[in-house]
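Alright, structures below, take your time with them.
Next come two complexes built around subunit A: one with subunit B, the other with subunit C.
Coming up: the complex of A and B.
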């Protein structure tokens, strides 16, 4: 496994320095150092990787066992004023079931000391598309509606830093699209948005930067392609569709840049150490051989592949 | 103060759920029903004596503590079990303010429920005996006892899911048995603080230098319940306020130092 920079950003709003957290004998987070800045950062890792523990420490819910952590320049465990600028959407179903959606969000605004709680609540409720259901008690809400009202509760104080733990849980496809667009909007406004999710596709859609954790440690950081590029010992897999896959495969095998060739269901799958060299060589080769290429697609640049390499090393 | 009152209001709604409040109101009305049954078949003096020697214990030593324990433990315990504590704690509010607001809400809820039963008991007493002098004393004693038990159990509710069980065990063993048997520690008994306030109001004028000399009937009636604790409203008030202050300080400290989510 390869440890990759940059784990740090130029203008950090959150700085994590040699942070560890253990529960008895179990180490949940081990010696993490990284930083977060404006934009959406995905916190990625398998179950038990420590991402929720890290998120909770950053949100001030949990005390680090060792190391330092600052949010907007202050320690969130000591300076509660920082919560004026922080919002959290926890993974848990953390809502007051006996309140209406509107009262729940208004309560958040009152607690945050917002000047006009009613207007702030209205704004946040509209942002998550809960206007029609806002007067109903939360106990009657679906899972997706609860999720959206939690997001409204986190947005009501207009936070500079937003922590989202599995924010799309239970949301239907339309709501997902809407929430993802909302998070992008918040990022465009210069806010720091940190999303923890085990759904790679969601993280890929939301985050332009990923902090990947495995076994409580920082495993990789950057965008998916950059992380993938650092796995120099693992060749890239590329799918090539053409009119004569076997002839093209034979020709490719003679090239130094190609490690292996396989034809499955008339589709060529090759492994190469260098995508750049492959790209420069493939088109002239196909032209010389009079072969028509219909598709060339790297198969393991996705976050899912990166994740698989991080966790399983293959 | 807006944040403080916002927490109080929501906590009151949280604590006084329909099912819970009905159960607790029924419990708080039990002493009144008992007194009514006794009063219908006894003389005024017998009813008065029964109230002071037995029923006052049921009110201040059983129903008010149980109601206050359940609501006190729920003030932060409900937030913990519903996992809403993060919604409250991740706000720019001092932990002391959160805990104090929660305590006030639990006390108001306890006093509303237990006070309703105590008021009913006082009305039955007034109706059967023909004297309404003790109503204020009963309500003040209920308020003091409720605050003491809410303060004692709020901390437990924050640190354990078994707060109610632990507090009931404490009520039975320490408050019920130990402080009754050993008068040296009787002054630590929370419900006796309520009895002390009651005695201070009802018999204050009659309690002379020989306080336990059976000078008055009130003194004689309450001697066993007090178990050596001196009567007095302000002493009781100061004790429960001290207990509440310690509870707020310790709970706020734990809130700062411990993980908010397990």
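Coming up: the complex of A and C.
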């Protein structure tokens, strides 16, 4: 069995091959190669990393300067029929303010060639919880409501591939939970959902796979823990709470697996190269010293830490 | 009151229906365009100008027919025939109204979509740049044709009813069935092409309309001035004049186009035909190239 790079998936619905995009002198995306498949993939990157440009190319809104891109096996710029199976939630307010929410979603259905736009719109509006406000004009909507009606507009054609650019912007906490659950459900149904967001906590809740971009290039791919593990030169940080932190700290310093120990406000913060070795060693050590451990928690396995390492190196 | 409860599944349900082709999608954009131009589903103030212009174009036709009914049998038929405007005369009345209508409608169709990023909605759907543009131009063409044809039909039908020989009048004026649409098309091709090009670049609807009106008026003045002082061929710059010359030619009514720089300088109507086709072709190409870049 051969293993493939984490940048690629087994059954891709979107394939990006040596893709570049430049605007005059500015290179927005540089030689990207990766693929996307069913499930939720988070597209991460700091501002200006090129994630929106990549998303726009994948959604057929922008022509690549070089390289190849296929969505569901076709070039989206040449064969626009593929958009019958694609949905897009753009970051900007791409809505007709004077239309009611329902009419806007219905119009999206008509543009996607859905035979029964009213019924499809009704389903999509219900899915995003906008039923009560659907008859109001969009100009009177809050930011979160606009976001939800855009999501409804993207869902109305039952897309196999869904591009979401900052989809939770402005949504209140209840709606965020609901939308995240909706995206999970779409992923469970076998759809490809690509989420670009700068809110890492949200991406962490949504995506089981991450494509990270820095300066227009592919910086990392995989799940957050796997990407973190790839930083072999950066030790893991672990927080340990115990009843006698200083004694435990002294004992830990004698272990090969520990790089450094710090006690801050009666809490131990250690650095280690191998979480597995630490796990195997820590419990017997505490038992031998008769120390009670109350919490052991890695501090930099989160997407935010991984992202910080990618962008800043530390 | 009941103690029973239930949780309903509000989650997303797949669309299982059929999907329609591009023709139907284009038609959806045409319908949307017609609504925009006429201010339908918009606030009342958005309806005032388009419907005001339509009323101004249609009401005189109804008044003419009414006047004919009122004066019928007074024994002044020959005198009235000279006084009551015919089909080509009526074009003269609607010509400036059509000009204003196009000046205000073309920006309404293109500017907001582009400026407020709604083009994304179209670009991420199964349609091409050409589909979008054809549908937008088609929407205005439909309304302008209706705008031009409706009063002509009123006069045509009124004439048939009042003639006492309904069928005879209709069959005796069958040529109007192509002349009237051809005249309306000449007006549309000349005026809308330039209005759409300006709208494809302007950031505000009012600015686009103003630039178009100014450009048309100035081009007429410049054409007159240069044709008189430099060379008669400069009269081809009189853009409105081309449509007027063609309408005059279609209705064999030389009086209609008298006073235009083109007629004053003895430029053949064929030149106007070529100019109108060229304006439409260049405008279409520029529009397509512009939208290919931004969509």
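Just so we're on the same page, the second predicted complex is superposed on the first by the 309 of 314 C-alpha atoms of A that agree within 3 Å, B and C clash if a C-alpha of one lies under 4 Å from a C-alpha of the other, contacts with A are read in each partner's own complex, and residues count from 1 in each chain.
Convention: a contact is a pair of C-beta atoms (placed from the backbone, for glycine too) under 8 Å apart; a residue touches a chain by one contact, two chains touch by 3 or more.
Because the structure is predicted, anything quoted here is derived from the model rather than measured.
Overlay on subunit A: subunit B and subunit C clash in the combined arrangement. Of the two partner chains, both subunit B and subunit C are touched by A:98.
By the touch criterion stated above, A:208 is placed in contact with neither subunit B nor subunit C.
With both structures placed on the common chain, the touch criterion links A:114 to subunit C but leaves subunit B unconnected. By the document's definition of touching, neither partner reaches A:33: not subunit B, not subunit C. Look at A:156: by the touch rule set out above, it reaches subunit C but stays clear of subunit B. By the touch criterion defined above, A:59 lies against subunit B and subunit C together after alignment on the C-alpha atoms of chain A.
When the two complexes are overlaid on their common chain A, residue A:17 makes contact with neither subunit B nor subunit C.
For subunit A, the partner that touches more of its residues is C, with subunit B and subunit C as the two candidates. On subunit A, the surface touched by subunit B in one complex and the surface touched by subunit C in the other have residues 59-61, 80-84, 86, 88, 90, 92-99, 107-108, 110-113, 153, 157 in common. Of all residues in subunit C, only 10-22, 24-25, 28-29, 32, 41-43, 116-128, 295 touch subunit A in the complex they form. By the touch criterion stated above, subunit A contacts subunit B in their complex at residues 56, 59-63, 77, 80-84, 86, 88, 90, 92-99, 107-108, 110-113, 153, 157. If you check the complex, the residues on subunit A that touch subunit C are 59-61, 80-84, 86-88, 90, 92-99, 103, 107-108, 110-116, 119-120, 123-124, 126-127, 129, 153, 155-158, 181-182, 185-186, 189.
Those residues of subunit B that touch subunit A in the shared complex are 2-3, 6-7, 10, 13-14, 17, 82-84, 86-95, 256-261.
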